[in-house]
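Two complexes follow with chain A in common, the first pairing it with chain B and the second with chain C.
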Partner chain A sequence: MGIFITIAWRNLLAARRRSLFLTVAVAIVTAFLVLLNSLTAGVSSNLVSAATTLSAGHINVAGFHKTKPSDSSPIVTNAEPLRKILQEQTPGLDYVIDRHRGWAKVVGESASIQAGLYGIDAKQEGVLFKTLQLAKESEYKDGGRDQAFGDPTQLANKGTVMLFAGQAKRLGVQIGDVVTVRAESPGGRTNTIDLTVVAIMRDVGLLSSWSVFMPKKDLLTLYQLADTTTGSFLVYLKDIDKAQDTMGELRTILTKEGYTLMDYRPEPFFFKFEQVAGEDWTGQKLDLTTWKDEVSFLTWILTALNTVSFGLIGILFAIIAIGIANTMLISVRERTREIGTLRAIGMGRKQVLLMFMLEALILGAFATTVGALVGSLIAISLNAANIEVPIQAMRAILLSDVLRLKVEVGQTVLSVVVLTVFTGVSALWPSMRGARMQPVEALQAIE
Partner chain B sequence: MTEAKAVPPADVVINRDKNMVAQMDTYSPEALHQGVVLNAAVLLKDPSKLPEFMSAISANKDLGVQALNWQDASGLVGQFILVIRLVLYTAIFIIFLVALVIINNSMVMATMERIPEIGTMRAIGAQKSTIMLMTLLETTALCAIAGTIGAGLGAGLIAWLGHVGIKAPNDVMVFLFGGPALHPTFGAGNLFFGAFIILIVSLISTLYPAIVATRVQPVVAMRGKD
Partner chain C sequence: MQKLMTGSLVVLALLAYALPSMAMDTAEMTKILQTIDDRQRSTGDYTARVYLEQKEKAKEDLVYESMIYRRDASDQFVLLFVKPKSEAGKGYLRLDKNLFLYDPTVGRWERRTERESIGGTNSRRSDFDESRLAQEFVPAYIGEETLGKFTVHHMKLTAKDDADVAYPVLELWVDKDTGNVLKQQDFALSGKLMRTSYFPKWEKVFSESKGSEVYFPKEIRIFDEIEKGTSTTIVFLSVDLSPLPANIFTKAWVESKSR
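Here is the complex of A and B:
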């Protein structure tokens, strides 16, 4: 085997120019594959962090309350006993917080937006405040300063609100301005409340475009709800990967404690209003979901990214395969006499095939490794550069206001292996042509 | 445009998200009596005149309105088109980059094989420029044929897809396609653009092999191969 590798390596070196061109082409494709993969991984991790800070815990214990069958209020009544159960009995629990939820029109200086409201208790939201970052004034105000203002912890005070940069820009408000929130209470009355903007945070993609945070007390007033109610309990586990299993265990625990549970539907709560309103029951039912379910309407972004990656790499590799096959064919023809000689002195067909295949595989392995290294380096430096995404729609898709790339070692190694194998496969047909030659014919072939 | 004139010369911006209540103060009673609109949608016979038309509206201070193009007016959704276009152009750029390297490689090898032939041509009086021209013309002819076949296949595929339509597999795609199925179309402009790009790519990728070819000395023709 060693001797074949040596022959293949020397052949590659002998045809230095074309080996170099092929290496460059394969390396470019590998680098792009690694870049695209790291982009997908970056978006994926943005999705996890955006989802679990903004809209969901690892597990959500929420529910619907109906005073008459046609209702569907997304609230949990008599919340404290439930909190106690969750705190005491959830396996692998890190911590539990609760948030009220609503959907309202937020009216600012120059425009209004529809937004999901989160009524929060500032004392519980240390992680939220730590994860989100204050936006610079220039991000939401034309000609604004390059400095961040505001303080999210002021949400502990009544009559305050926290917005995101994109929203603030649309609404035309800045720190200290007042926005009016208008919502319809479960009773059907329209209530409004004026809130002072105390913090404007940096965008975290699509989710932040409709998330508005305000004190829970104000939300209770707005919706005329009793303060024994809550919207949902966000249960955070020590290990996010156990969310699905732990949810199953919690279902058993809560059933045992006498709660009525809704059938598990892996969808965000706002998909469920119509169905709940159509069901014939009154009272309280709990609904358990994982963070994945609550952002399932966003996974299309990952699907789209993967589809684009596969499509692009597929086309690129088709071009490369033609290039490699062409090069190998010419190489086989040029070396007809060499093959003839080798066969005449006793080399078998399989060994000739092996010799040519090894050439392609060595070239592939070398080129893909170089490409993967270059790609990873580019990805890491782009990530470190904290490049701001200029287009709003792009921010929405990337789920962040800066470009996040994450190089995953396993995936990069896989790319290298797969592309090397593809390179080998592209060389299969020309190699077989070389192997099929009759020694006599091959020796006679003098141009 | 008559509707747009109904908006009084106040500091009003055409914007769907304008809050009605907040706006009321800026209207005079007469204007309210005549009927008020928040925005006017203007469709042009020739969309390519959009920039001139918009600047004409903005220049006319009497109207007291601001013109927005459909992308700005539709906000995030309009921008998605921009993102898709950006992704597409990047993809095409990368594809051509790789194609360039591959074509370059093939052409260099083809040239190497023909060194004796080129040497002979030089020996019987062909100038360097002739060799250069010959090599470039060969690629141009090749790319003209391959480009036409490719464009024909692409046009056929698009025409067929335009006829049957691409079904949207899920809600998100329905949203992106603006309906349950996408019926792609193409114009002569797309074809010419494609042909032009492929010509440029071919010419660039032949440049290096062509230079290699011109460097061949007539004397190599005298030497036997190997």
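Here is the complex of A and C:
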């Protein structure tokens, strides 16, 4: 085998220019693939982070309460006993918090937005405040300073609200301004509350475009709800990958504890209003979901990114495959007499095939490794540069206001292996042509 | 001292004269509300062609033309958009106590609340439906006032617990001479003023089934008090009280209008 590798390596060196062109081409495709993979991994990571920070726990224990069959109030009544069960019996639990939820119109100085309200207890939200960053004034105010103002911990005080930069810009408000939140109480009556903006945070993609945080007590007042109720318990596990299994276990535990559970539907709670309103029951039912279910409406972003990546890489693969096959074909033609000689001194067809295949594989392995290293380096550098995404629509799709690229070692190694094998496979047909040559015909060929 | 006493007596005499005209007991106010409701009630069927316009700051105006079909005796209601072309076929239908919205572009019905705002404007189903002030609210008299050139009864109405209304408190200015509502203000539970509506002109058509006239506001101008600069104008272009076919108040009929 060693001798074949040596021959293949020498042949590659002998055709330096051709080998260099092929190496560069394969390396560029590999680097591109690694960059696209790191972009998808970055968006995926943003999605997990944004979802589990803004809108969901690893597992969500929420539900609907109906005083009459046509109701569909997304609340859990008598919440404290449920919290105790979750804290004491959830396998692999890290911590539990609860938030009230609502949907309302937020009216500012210059415009209004429809927003999902989160009524929070600031004491429970250390992770939220730690994860989100205050936006610079210039991000939400024309001619604003490059300095951040506000303090999210002030949400501990009544009559306060935390917005995101995109929302503040649309509403035309800044720190200290008052917004009016207008909602419908469960009885259908219009209610309002005036809240002072105490923090404006940097956008984190689509989810932050409609998420508004306010003190739980204010949300209870707005919706005329008792303080024994909550909207959802957000259960955080030590290992997020166990969310689905743990949710199954929690369903069993809660059923044993006497709670009535809704059938599992892997969708966010706001997709379920109409179905619940159409069901003929009254009272309380709990609804358990994972973080993935609560942001399932965003998975199209990952699907779209993967599809685009797949399409682009497919086209580049095809071009590279044609290039490799053509180059190898030329190589076989140029070395016809060499093949004839080798065959005449006893080299078998399989060995000739192996010799050419090894050339392609060595070139592929080298080029893809270089490409992967270059791609990873570019991705890591871009990520470290914290490049701001200037277009709002792109921010929404990338689920972040800065470009996040995440290099995953396993994914990168897989790219190298797949592309190397692909390079080898591309050389199969020309190699077979070389191997099929008769020694006499090959020796007679004119160089 | 004598002058002071004389002055006090004059003030008391004036108050004694003025108070009966300024105060009004609940029965009298309820009667005014019943009159407003009764005059707008159509015992038979009701068809109206309505122009709807919403102006919003920094947004394009929304303009619709729609048909309203009502059968008040059985609480049936249909609002069907006919213009512009992009909205034609979209419709609201009330079945029992539920309001449904049909969107022909997706071919789906969606359950909405009775307090649903119509077509993204500041108008609500109740602006087009029969008036139920006496049934849904408890009145309190604020006083006799002047509104422009009109002398009006100014009343505060608080919604009854079981009433399915969007605004729990209303203030109403009713023309003392004609009994027409001239102005209405809607308040949220928090006490915040949400919208002010003006009814500059009322018209009436004769109803054979009722044996008397049915009143309707020719125009309603609604001003959003939270989002300043947002206003909605509703113009009742025509009202017809002829009997309607029975199948109008069905999902199938609404769906058929967009085919």
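In the analysis below, the second predicted complex is superposed on the first by the 446 of 447 C-alpha atoms of A that agree within 3 Å, B and C clash if a C-alpha of one lies under 4 Å from a C-alpha of the other, contacts with A are read in each partner's own complex, and residues count from 1 in each chain.
One rule holds for everything that comes next: contacts are C-beta pairs under 8 Å (C-beta built on N, C-alpha and C of every residue); 3 or more make two chains touch, one makes a residue touch a chain.
All figures in this text were calculated on a predicted structure; none of them were measured in a lab.
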{"item": "Touching partner for A:396 - first (chain B), second (chain C), both, neither", "value": "first"}
{"item": "Touching partner for A:111 - first (chain B), second (chain C), both, neither", "value": "both"}
{"item": "Contacts of A:185 with chain B and chain C, given as first, second, both or neither", "value": "second"}
{"item": "If touched residues of chain A are counted for chain B and for chain C, the larger one", "value": "B"}
{"item": "Chain B versus chain C as contact partner of A:21, first or second or both or neither", "value": "first"}
{"item": "Partner chain in contact with A:315 - chain B first, chain C second, else both or neither", "value": "first"}
{"item": "Touched partner set for A:296, first chain B, second chain C, both or neither", "value": "neither"}
{"item": "Which of chain B and chain C A:277 touches, first, second, both or neither", "value": "second"}
{"item": "Partner chain(s) touched by A:224 [first = chain B, second = chain C, both, neither]", "value": "second"}
{"item": "Overlap of chain C and chain B interfaces on chain A (superposed complexes)", "value": "107, 110-112"}
{"item": "Touch list for chain B against partner chain A, complex", "value": "13, 15, 17-19, 22, 75-77, 79-80, 82-83, 86-87, 91, 94-95, 97-99, 101-102, 104-106, 108-109, 113, 170, 172, 225"}
{"item": "Contact footprint of chain B on chain A as seen in their complex", "value": "17-18, 21-22, 24-25, 28-29, 32, 107, 110-113, 170, 209, 300, 304, 308, 311-312, 315-316, 319-320, 322-323, 326-327, 330, 334, 391-394, 396-397, 447"}
{"item": "Complex interface listing, chain A residues touching chain C", "value": "70, 107, 110-112, 180, 182, 184-185, 188-194, 224, 274, 277-278"}
{"item": "Touch list for chain C against partner chain A, complex", "value": "57-58, 97-98, 110-111, 113-115, 159, 164-168, 186, 188-190, 192, 194, 226-227"}
